[in-house]
Amino acid sequence: MSKSERPSQLFRNLNAKVASIPMILTAMVVFVGGTAWTVLYSFTNSKLLPRLNFVGLDQYYRLWATPRWLISIENLLIYGVISLVFSLVIGFLLAALLDQKIRFEDTFRTIFLYPFALSFIVTGLVWQWLLNPDFGVQGVVRSLGWTSFDFNPLYNSSIVIYGISIAALWQGTGLIMCLMLAGLRGIDEDIWKAARVDGIPMWKTYLFIIIPMMRPVFITTLVIIASGIVKVYDLVVAQTSGGPGIASEVPAKYVYDYMFFAQNLGQGFAASTMMLLSVMIVIVPWAYLEFGGRKRV
Amino acid sequence: TDLEVTHWWTSGGEAAAVAELAKAFDATGNHWVDGAIAGSGGTARPIMISRITGGDPMGATQFNHGRQAEELVQAGLMRDLTDVATKGKWTEVVRPKSLLDSCTIDGKIYCVPVNIHSWQWLWLSNAAFEKAGVPVPKNWNEYVAAAPALEKAGIVPLAVGGQAWQASGAFDVLLAAVGGTDTFLKVYKDKDAKFAAGPEVAKVFKAADDARKMAKNTNVQDWNQATNMVITGKAGGQIMGDWAQGEFQVAGKTAGKDYTCLPGLGLNEVIATGGDAFYFPLLKDADKAKAQEVLAETLLDPKTQVAFNLKKGSLPVRGDVDLNAANDCMKKGLAILAKGAVIPWTDQLLSQDSQKQKEDLFSEFFAKPDMSLEEAQKRFADIIASAD
Amino acid sequence: MAANGTSVSIQDLSLNFGAVSVLQTLNLDVAEGEFIVLLGPSGCGKSTLLNCIAGLLDISEGRIFIKGKNVTWEEPKDRGIGMVFQSYALYPQMTVEKNLSFGLRVAGIAKDEIAKRIARAAEILQIEPLLQRKPAALSGGQRQRVAIGRALVRDVDVFLFDEPLSNLDAKLRSELRVEIKLLHRKLQNTMIYVTHDQIEAMTLADRIAVMKGGVIQQLDAPQTIYNRPVNRFVAGFLGSPAMNFVEGQLETGTTAVFKTGDLAIPLERYGFDGAGNKSGPCVFGIRPEHVAFGEAANSMPFATDAAVEIVEPMGSDTLVWTKLGGRIFSFRVEAEKTLRNGDPIRIGFDPARASLFDTPSGNRM
Amino acid sequence: MSDHAVSLSATSSNLRAGASGPSGPKPRHMFSRRNIFLYGTLIVVALYYLLPLYVMVVTSLKGMPEIRLGNIFSPPLEITFEPWVKAWSQACTGLNCDGLSRGFWNSVRITVPSVILSIAIASVNGYALANWRFKGADTFFVILIVGAFIPYQVMIYPIVIILREIGLYGSLTGLVIVHSIFGMPILTLLFRNYFTSMPEELFRAARVDGAGFWGIYLRIMLPMSLPIFVVAVILQVTGIWNDFLFGVVYTRPDTYPMTVQLNNIVNSVQGVKEYNVNMAATILTGLVPLIVYFISGKLFVRGIAAGAVKG
Amino acid sequence: MAANGTSVSIQDLSLNFGAVSVLQTLNLDVAEGEFIVLLGPSGCGKSTLLNCIAGLLDISEGRIFIKGKNVTWEEPKDRGIGMVFQSYALYPQMTVEKNLSFGLRVAGIAKDEIAKRIARAAEILQIEPLLQRKPAALSGGQRQRVAIGRALVRDVDVFLFDEPLSNLDAKLRSELRVEIKLLHRKLQNTMIYVTHDQIEAMTLADRIAVMKGGVIQQLDAPQTIYNRPVNRFVAGFLGSPAMNFVEGQLETGTTAVFKTGDLAIPLERYGFDGAGNKSGPCVFGIRPEHVAFGEAANSMPFATDAAVEIVEPMGSDTLVWTKLGGRIFSFRVEAEKTLRNGDPIRIGFDPARASLFDTPSGNRM
């Protein structure tokens, strides 16, 4: 019985483990370590440089008493809901339209997708320019004679976040459309046939049969959209820098500004910890359900 | 030796001024590697700090002198320039002395001030007032009175760019001008929150409210775009530091003829001694360290000072230079400086943190017409109370 | 319009996908209440034909009548057809009941009428206890019944089945086959059923249409197709184990004789199709179960000696492989017979039960 | 027999009086209501998507006086390529007046190794996660996925410290590592899903054949994963090429990528904003990812179908 | 370790996936050169067992010996096994030749040796002309041969097949079945073959292991399993059409009698398993082909009257469904017999060929 003993578990699949070192390092050192570091220092009064000078929850009290933070949160919610709803709806509608065996599908798809190739900086610039009240759409319409025409979303505090969303949607829906299109193509053709034989109108088929079947696609899409929403920064900076006033501030920008502009790392870390916390509450249970379980076929 | 210098001077006038520094430095046989980062100090500083703390420091970097680099110095990341300063007798030539004080920590000198910037200027477009049919005002109060006429002529009375620091700066200027020097110091130096909530400051807020109303149609972001509105007569005036002067100059405008400058808004003629300074991170490479010394010396060289400040529109940090070439406005500034009517600026008095909070407040205040004065003042007092 | 008693009538149907012609001027008449099976190898166009009948594909040419009505341009739902798909295509997120009622609700049928129809379908198919389950919680056989139920509740004239059993395992398949047969007997609907499983075809069909390359090769009752295939393709396609084929030469002297190697099989008992049987190369085919063995072989018009090559006991009976005229040759014996490899045996058969095919064309002679 | 079948159907089709009536394909009008709605919507939406590009191109071809006149939508009266030349080789940032040209090559030098390294790492991760699941692997993966939600800004500081500690701060290697780290979550997800969807038997067959971890990866899996590689390359080229934050924080001026140059050009306002130069610079900067998209858009959708949506 | 001549020996093998136990303390000894078929319904753990033998799954408990060597913790490549998968798992980007040589190249075997082995395998499997093609350009049967070839070139002791035929159509399946049988005869290797197709199991196996829920129910020669199934599951699983089951009562008086409804089947000719046969509920099973019909029925120990319910002509023979003791009951007749629904008939059988199962346990009595 040369080898009846169970060999050590550590060395089974050793290569796989070795190959996963970058991932493990990234996960543990960068994501977990970085996060823990951030959380730890959010309890300090670190200014320009991180210092372990604990001040308890002071940074958090201050954070939640800061109007700008509250506005940022509110904006993020508005922006999040708009992005989610509209990119899903528009993305799906476009995908559904493209899925009708139309001519020039490639052309249309490319047109819808190309903005995704552009950076947020570029997107922000272009839309800032298009929405510029003097040169952009408003100016042009006015110069055509409709002088009372008012379309000035980037310079109007109450709607500026919607103005920013226009650009975000322009940039992002193409990818969503692609994901949806891929999902639609993955649906068993027989389902369509069955619905046609049953005499179910197209829109009802989509609404009651196809969409519920596309759950995995929607999940992937949701991950992509949601991670983008939480991180929104460049777009705001490029379009409005948070203005007018602080009307279009977002949490990521608050974090950045307080860490680097205000040189108050503690405050920035507290803000980012709050962001992380809210993300975790939503994501972790879901991620475990979705990816942590056994391998699905 | 190549020395990389980072800074955020990228507008027309600023770039021209930096070119002077580079020219002077290159003339010493070294090479100025330009590391300009556009988008104001806010964008540039985190990059600079990251690089210094990340262990890949540049040869020299711009900061607003004051408290921005304090911690870097305390962390021992910055080079002590005391020996260079002693050799160049900086304590004697630099004027006003408070400038060098800002560079001094624990008795050691860590930075080279290169210019004096004062915020306290009101820039007025002569053409705009002509068009509105009112005389060019001589002080803030007249200006406020003229606003309706300007508006009627389709001119934005006051240009305030969308960036937060502009709104905040404008308020500080009003505080020093409308409130007076003592009020200014009581609030920012003594951090007297009770006072900041009091009637003296309320007056300033009233003035700020006027400014807010006058500025409501500005629709530009950058300060130099706002300046450009004044240059082109689209706006009546702008509260902006002396660096705006550079833009007028680049646009080929003549002080007194095309535009008018009112230091201290014509109410309280003082100059705040804020400004830019260069810091030198500690480098391992001996050659570079040597080049740093050369650069530090070059920056304070009288000839460089003149060339640089003429282009930049700011005032030199030495009293012993010849500034005949200076224009009208600059001369006004020099005169005030000579009188010793100087105050420290917020960069020196407040931490960046408090500054940022203040910026947030005033940026909101200027963008939100329905924000009440009482609320704004209360929040202002709160910031002062917690300021450090 | 159509002749009385004709349920589905397809006239000169052609279908092209771009340049590929899948169906070529195909004609098919299905009588009222008939069970037609479309049988053929993969890719021969069976599903395509079914989809044309259902109106799920736009045809290129021809006409389709259902119950005498020209439905060529009608929508699927207006054709009076119900369809059951290979993958069942149940709506996965709806309960069985919803699956059954969805089409009816969309059509705006009254609630109680819907309930009545579902109850009836559920009873016929014995899926009452499953009504509140979702498809994922059903076994293959149950899913299949629900899929049939979906067609059932729609009260249609014609049922179309596209390989409804091919996803199931052998045991379930044979059970459900019987159920479908019983269902057909109960409902007396017209049914058109696609499969490539010949057992299904043989057991279910009133008539089988054997297809190949988009053309119906033979349309006949199962026994006719089995015993008198019109060409070599049909002969080889039906029957498992397959018909034995021996290539050789037809010699028409006084009596016709099939020659291969040193074997000569007399064909006087063979019923030639029509008159034109000339000498020439041809293929002789005989089914394994028509081969007699041992004693019985000697009483056959033709008998010869051979040796056992492989024995395949299949439980109910045993398949024995040998060589005839150099070609592999199989026959069936009862399960009790114990043969071993290499055993010498005597085999024989009656040429009357054989089939003879012209070599170049493959047609029956 | 066959004769019989044929004659039967022949007679029956002759018999039928209904031989008139609809026949052949259902007539489809090019301008049916469905088509008008379908293409109408698509074209309107397409125009909306194209509008900014149109404005960018048109503006970049105008001179400043013409821009000041007003209508951003009107085609240029006089086409001038000067803004392009200026954006490419003359626009100034501080003292450097060589436009985007310098940044272009820096971007290439950053993008190419970053794309290669990040995809190499992520594909091996995905492969290990899909086929060689060891204990705890899922936990790391979940952490990675959650990591995709962390705002980059939060990570700047810790990464500065990490890079400083391993002495890679400011070097190209450091930046490449940073890009690999931040590309890892989504790419790993893609690759994991893709490899999971490949038949497990293939993997087993290779193991029986004696191939090990790397052997299977290199010789079996890699050659089969073109579609997902295309997706990964596209995503990474876009992401890395367009990155501003890391490029500016973790490099030095002589290696600044194109986006930093773009930011500098756009934000270094000299007097009035030169919109035409800005637009030209914007297009130039976006050109590489755009070309990548236009070339491989079809593969992109296929790859996404293969990898992304399996969830 | 293992007894001489034992090729694969599995001792107390258990395997759990997390909390789910898939195999429970399973024992199996396979003799040198034996052809063992693992047969069982889907999900019973056949593939799992095969993967354990191959070393592709880490077992939870027990030991595995191949050729007397404990290989429990060996890598798959070191176990001397070759495996053929259901989907063939050919490397799609490699030519056939590359597919065959991949394992050898990985093992670093000399070029000419590789060429020699490939030539031999290609000859055995007759795939010489295909060597330069890619798998996509092969038919199902050809792919299957390449997959076998991949195991062949590795010169292994044990071949493992995981449902290698289940992706093919019926015709091809029966052809390849014969080929595998011939191959086994030629190579004389040990083969372990997983299938859920009983025809395959019956025809190929030296011994069949019928599995259910991770447990081997019966391990015996095909005929034994077919004729003397140890329990009701095995009886029902094998045979198509399935064995007829009639529930009823065993009464052990002077002679044992099976009673159901008003039928009484005498069991004196039935060979009871062991002694313990008590009165009580039980199930009587008889295979359709063991039921006699018409004249023949009367000569049987037991005969009764019935009526035809359904007739399923299957070409080679015909299945007739009737009712016995209220339960559906099928039997086979020759294809020539023409019966119609409702015809009264007489059926009979010999209880000696039947099987009797205890009702609660399902075990053979």
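Going by the order they are written in, the chains are A, B, C, D and E; count residues from 1 in each one.
Keep this in mind: a residue touches a chain if its C-beta (ideal position, glycine included) is under 8 Å from a C-beta of that chain, and two chains touch if they have at least 3 such contacts.
Chains and their UniProt names: A = Permease component of ABC-type sugar transporter; C, E = ATPase component of ABC-type sugar transporter; D = ABC-type sugar transport system, permease component.
This structure is a prediction, so every number in the text was calculated from the model and none was measured.
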Path length in steps (a step moves to a chain that is touched) from chain A to chain B: 1
Reference chain E; chain at largest CA-centroid distance: B
Pair joined by the larger number of C-beta contacts - B-D, A-C: B-D
Chain centre separation in whole Å, for chain D relative to chain B (CA means): 43
Cα-centroid distance, chain A relative to chain E, in whole angstrom: 54
Interchain centroid distance [CA atoms averaged], chain C/chain D, Å: 50
Shared-contact residues (touching 2 or more other chains) in chain A: 12, 256, 259
Per-residue multi-chain contacts in chain E, two or more chains: none
Multi-chain contact sites of chain D, meaning residues that touch two or more partners: 156-157, 161, 263, 266
Chain E-touching residues of chain D, taken from the complex the two chains share: 199, 201-202, 204-211, 215, 219-220, 223-224
Residue ranges of chain A touching chain B (in the complex, touch as defined): 47-49, 62, 66-68, 132-134, 155, 157, 240-247, 256-264, 267
Of chain D, residues touching chain B in the complex: 92-96, 156-157, 160-161, 163-164, 167, 169-171, 248-250, 252-254, 260, 263-273
Complex contact set, residues of chain B against chain D: 4, 6-7, 9-12, 15, 18-19, 22, 32-39, 43, 46-47, 50-51, 53-56, 58, 222, 224-225, 228, 231, 247, 250-251
Interfacial residue positions of chain E with respect to chain C in the complex: 41-42, 169-171, 174, 177-178, 181-182, 185, 196-199, 202-203, 222-223, 226, 237-242, 287-289, 310, 312-317, 319, 321, 332, 335
